[in-house]
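The structures come next, written out as structure tokens.
Look for subunit A in each of the two complexes below; its partner is subunit B in the first and subunit C in the second.
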Partner chain A sequence: MNQSLTIEAANRRFGWFMSAPSLALLFAVILFPVFWALFTSVHDYTLITPNFDNFTGAANYVEAVNTPEFRHSLLLTTMFVAGVVAIEFVLGFIVALMLNSVERFKPIYYGILLCPLLMNPVIVGLIWRMFLHPSLGIVNYLLSVAGVEPVNWLGSTKVAIWTIIMVDIWHQVSFMIVLLLAGLSALPKEPYEAARVDGAGTIRAFLHITLPLMGPVIMVTLLIRLIFAVKTYDLVYIMTRGGPGTSTDFISYFIYRTAFVSLNIGEASAMSAILLSLILLLTGYLYRYMRTLT
Partner chain B sequence: MASITLKNMNKIYANGVSAVREVSLDIRDGEFMILLGPSGCGKSTTLRMIAGLETITSGELLIGERRVNDVDPAERDIAIVFQNYALYPHMTVADNLGFGLKLRGVAREEIDRRRDRIAAMLGIEPLLARKPSQLSGGQRQRVALGRALVREPQAFLLDEPLSNLDAKLRATMRTELIKLHRNLGTTIVHVTHDQVEAMTMGERICIMKDGEIIQVGAPMDVYRNPTNTFVAGFLASPPMNLLEGRLDASSNGAIDAVIGDARLQIPASLAAGFQTHHGKAVIIGLRPEDFHLSASAARHAVELIVVAITTEVLGPEVILVANLAHARGPEVQIRMPRDFLAKPDEAVKLYFDLSQIQIFDATTTRALPRQASK
Partner chain C sequence: MLRQLLLGIALAAGMSAQAAAETVTILMEGVPDTEYVKTLVPEFTKETGIEVNLEVVNYAEMHTKLVPQLVASKGSYSAIVVDFYWVGEFTKAGWLLPLDERIAADKFDTSVYMPKMMDLVGKVDGVTYMLPFYNYAMGMLYRKDLLADEKNKTDFKSKYGTDLGVPKTWDEYLKQVEFFTKDGMHGVVNQGLRPDPIAMEWSNYFFANGGEYHTDDWKPTLNNEAGIKAVEQYTTNVNKYGPLGSASFSFDEAFNVMAQGKAYSYITYNFFRAGIDDPTKSSVVGKVEIMPVPGPTADKGGSLNGAWGWAIPKSSPNPDAAWAFLKWVESHETAKKRALQGGSPTRTDVFDDPDVNAKYAYSQALKNMLLTSHNFPVFTYTPQLVEVLGRELSLAVAGEKKPAEALATVEVEMTELAKKDGKLK
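So, the complex of A and B:
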């Protein structure tokens, strides 16, 4: 008994020893900045007076919540995230289902699909900004060939957010496809045969077998995509700079502006903390909700 | 309930592999039919074609009077039990049992009533709220069986349903399936590679090899009169000893079966069917249980000397592995009573029952007709 305990203790020690380097690295590049930001968020810290002399408590948080632009960009981000995640999920699932039944040339399809995903968002933004140029872009040219009036893709307050959503879908939908496809191809074949004999057609087999079995994969895919979508920053920075006006002023971009344009690091940190807690809440909720499904 | 008729059925896969060739079989209404054969013989493909999970390349399939070649599996009114059970992993046992009925639009109360009856019958009531991952292999097997039973189909198709169970459970389930068939009277097609299952369970056995049917018949009929060396060597354990030899004419219309230096004189009364093969090479089949220690135990005894190599003590019996005639003779396996003893290299005098001898053509491997002894 004692001996097995000491062996267990030794194993535990060895485990800590082996994971220590990565834990240290994790602490240095992730946990430390997070705590630093939290610490900053309760101080009046600006780039003009970069010091922690004035402890302000919750003042930065109150200030942030009372800023109409902050609330506006939160709302805008929510719309954007809901839009891209929903559309990418539906589109991705449909394509994944189709690819799952494809027998030949699978690697080629994979290769094509992965291309956008391999591109840096900055490059994606630059490419699309050229494509979508009101007078010189190829998109409006093609539309004009088809007899459609040119669209002011990035310069109209009504259209700009949809343009960003569209580009994000182009860029990220393959992520959904690849993950969902991996999940689909790992599903057991037998329950489908049993369901066919039991009398389930394609649609009912999908509803009663595929969807529930895919539950965990769907959960993970949605979560990852959701978190990444909330953080969308580079596309906006390259394509619209939050404009026109504040029509694409997503939360990450707004925080960036608060920190490095308005130089108010303390308040920006408070906003980041609010964003972080929102994402954590959402993640926790989604995780628990999906666990009840499976 | 319904009969199942297969007419010249073929299955050729897209890659050109021919899995089933010209299979014709009449499965009678209420019959327990076994499809038996080694792996890759096409028995599972045949079953899957009956179920509708594989398309039929050519030929006809009738369930009852209805041609069902192009009928959807759901519309064929059959149920299948898969080798790995294929339960719905995300549903409870109760939902697994009720799913097929729910899809068919059966009323809730009716589903509950039928499910509870089947659960009671199979003794799985305490498991109804569990998921398949929380069940043992035997329990899953019962649930899979229950899922088929609850539908009350025209026929049950069983695809090696017992092969994932341990030996003891397999024996129990064998008996239960036989009882079940007796109570329900529904047509059952049972695919297996296990000849014990085939012998004990089936009313008839259909033996397949390389996509073709080799022989169909009642278990003892197939056992006693195998149509070729494949069937003779496949049924029973230890299987029939198949020894290369020759037939020589002897006096008074008798025939000598010559195996190496051993010579078994088959009297004229038993040799009528073998006369065509005078002087020809044949394969001589000797069942392990047709060797006896005394002449009186055999109907047409002929004396044989064997030289023991080893004995395998099984408990109820002893398997004697020995060389026929002398130490360099061909090896045979012989079933002996449980108190039999023999040292290695010991010569043992035995009597073979000639009324049970089987002769096969050496080139076609087909059995020569044997005159039944009265």
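So, the complex of A and C:
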């Protein structure tokens, strides 16, 4: 008994020893910056006076929440995230289902689909900015050939957010397709055969077999895409700079400006902490929901 | 044998370290004037033996790259270029080396610079921190061929009762904007993107209406007749006389509209003047000229000033070599060579140089532009003011705020910033 305990303890020690380098690395590159940001968020730390002399407690958090532009960005980002994740999911699932039944040229479809995903968001933004130029861009030119009035893609407060959503979908939908397709191709064949024998049609098989079996994959896909969508920054920076007006002023771009234009690292850290806690809450909820599915 | 080998390696390493010590590293923005400097640098190396390493990046990256180097006790940049936006911040944080002693010791004449340039990117509270590098004061590009057209002259006269010609006042210009918006042509193209393109362009409208940003004691003076008229005129120009989408144009997109011959006028940075005559970029070569933005009366201008200055950071690893470079690059000879390539001077003796005037006929117009131009408020929070101004103007152009409402918000936030900086008591 004693001997087995000793071996177990030795094993555990050895386990810790082996994991130590990775844990140290994780601490250095993930936990340390997070704690540093949290520490900064309770101090009056600016780039002009970069020191921790003034402890301000929750002042930066109060200031952030009391800033109407911050609340507006948060709301706008929520709408954007809900929009892109929902549309990309529906589109992505449809394409994944279609591709799943394709037998030939699969690698070619994959290749085409992955192209936008491999592109840097800055390049995507620049290309689309050129395409969508109201008078010199190709999109409005093609519309004019079809007799459609030119659209003010980025200069109208009502249209700009939808333009960003559209470009984001173009860029990111393949991510959904690839992940969902991987999930679909791993599904067992037997339940479908049994359902067919029982006389179930395609739609019933989809609703009662595919969807429940795909539950965990769908959750993970939505979660990852959601977290990435919250961080959307590059597209807005290149295409609209948050404008026109404040119609595309997303939270990440707002925090960036607080840090590097206003030089207020303390308040920017507080805003990041608020954002982080919201994402953590949502992730926690989705994770628990996912566990109930499995 | 081994000892000799090691000694050899040590000596070689020592020598190369010594050679490497005489390298001046400068972070610069990828703009035409940087390219001109780059072509001249070999002459400096030949004269002094000091190597020059110009690290050229996009504007958006500059500030984030500079700050960590400036905060450090020993950074990697020997000299830097400073946009007038950052002057307040950099000097307040104490990141720049005062240059007065070096200027006096070497008898470097700073009186040759345009006084407005020294105010903007030279001296702060009486201390010289920078030597002005190039100016990017804004001027008005206009289609001289359309002004010379006889039919246009007759039509204009019958419509407005006055002669059509180079506009002498702001009101005259606004009439021309309205007049030339016809037959698929636009009277103006604007750069309405947030934050700096719109804030900078609108400043010209504001000055042209006789506005100034603040009183001598830094009390904001935006929400008045001049400010409201400027916002209304800007909004009308974007939405009524400009091409679709100019509310989100940056300067490159707006320039393309002008270069494609689809607009009569465009208020922009003077360094675009050279580009408009480049047949690879423009279809209106020889048809466009630049002039100072007209003011409320014929003797006053409405142009906004802008400039970059050379400075030596306190964290510079080799300030002496950096100063040697600054002296050389800002000497009359080098500044003239840069101007002859199309650069934007800041020295009066370069503006008045016969060779420069012979090559660029618009040189005197650029000089007048600087002489009649107005400075944007320079203080620690200039970038933040630009941000606020850009946001509020963009909201006004989008019709989401009334001009007075938008300007009132700018005044409130500018007051806070000026108080925070100690400028406003």
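Everything that follows uses one rule, which is that the second predicted complex is superposed on the first by the 292 of 294 C-alpha atoms of A that agree within 3 Å, B and C clash if a C-alpha of one lies under 4 Å from a C-alpha of the other, contacts with A are read in each partner's own complex, and residues count from 1 in each chain.
Note that in this section a residue touches a chain if its C-beta (ideal position, glycine included) is under 8 Å from a C-beta of that chain, and two chains touch if they have at least 3 such contacts.
The shown structure was predicted, so the numbers you read here are calculated from the model rather than taken from an experiment.
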Have a look at subunit B and subunit C on subunit A after the superposition and call it: clash or fit. fit
Chain touching more of subunit A, residue-wise (subunit B, subunit C): C
In the superposed arrangement, which partner chain does A:L263 touch: subunit B (first), subunit C (second), both, or neither? second
Figure out whether A:P188 sits in contact with subunit B (first) or subunit C (second), or with both, or with neither. first
Looking at the overlay, what does A:L154 touch: subunit B (first), subunit C (second), both, or neither? second
Applying the touch criterion given at the start, work out whether A:P134 contacts subunit B, subunit C, both or neither, answering first, second, both or neither. second
Mind working out whether A:S144 is in touch with subunit B, subunit C, both or neither, as first, second, both or neither? neither
Tell me the contact category for A:L47 with respect to subunit B and subunit C: first, second, both or neither. second
Between the C-alpha centres of subunit B and subunit C, what angle is opened at the C-alpha centre of subunit A, expressed to the nearest 10°? 150
Touching A:R204 in the superposition: subunit B (first), subunit C (second), both, neither? first
In the superposed model, how near does subunit B get to subunit C, counting Cα atoms only, in Å? 52
Quick one: in the complex, what on subunit C touches subunit A? 60, 63-64, 67, 71, 89, 92-93, 192-195, 198, 243-249, 253, 256-257, 260, 262, 380-381, 383-384, 387, 390-391, 394-395, 397-398, 400
Residue positions on subunit A within touch of subunit C in the complex are 47-50, 69, 129, 133-136, 150, 152-157, 160, 237, 240-247, 257, 260-263
Spell out the residues on subunit B that touch subunit A in their complex, using ranges where they run on. 51-53, 72-74, 78-80, 82, 84-91, 99-100, 103-104, 147, 151
What does subunit A use to touch subunit B in their complex? 188, 190-191, 193-201, 204, 208-209, 212-213, 215, 294
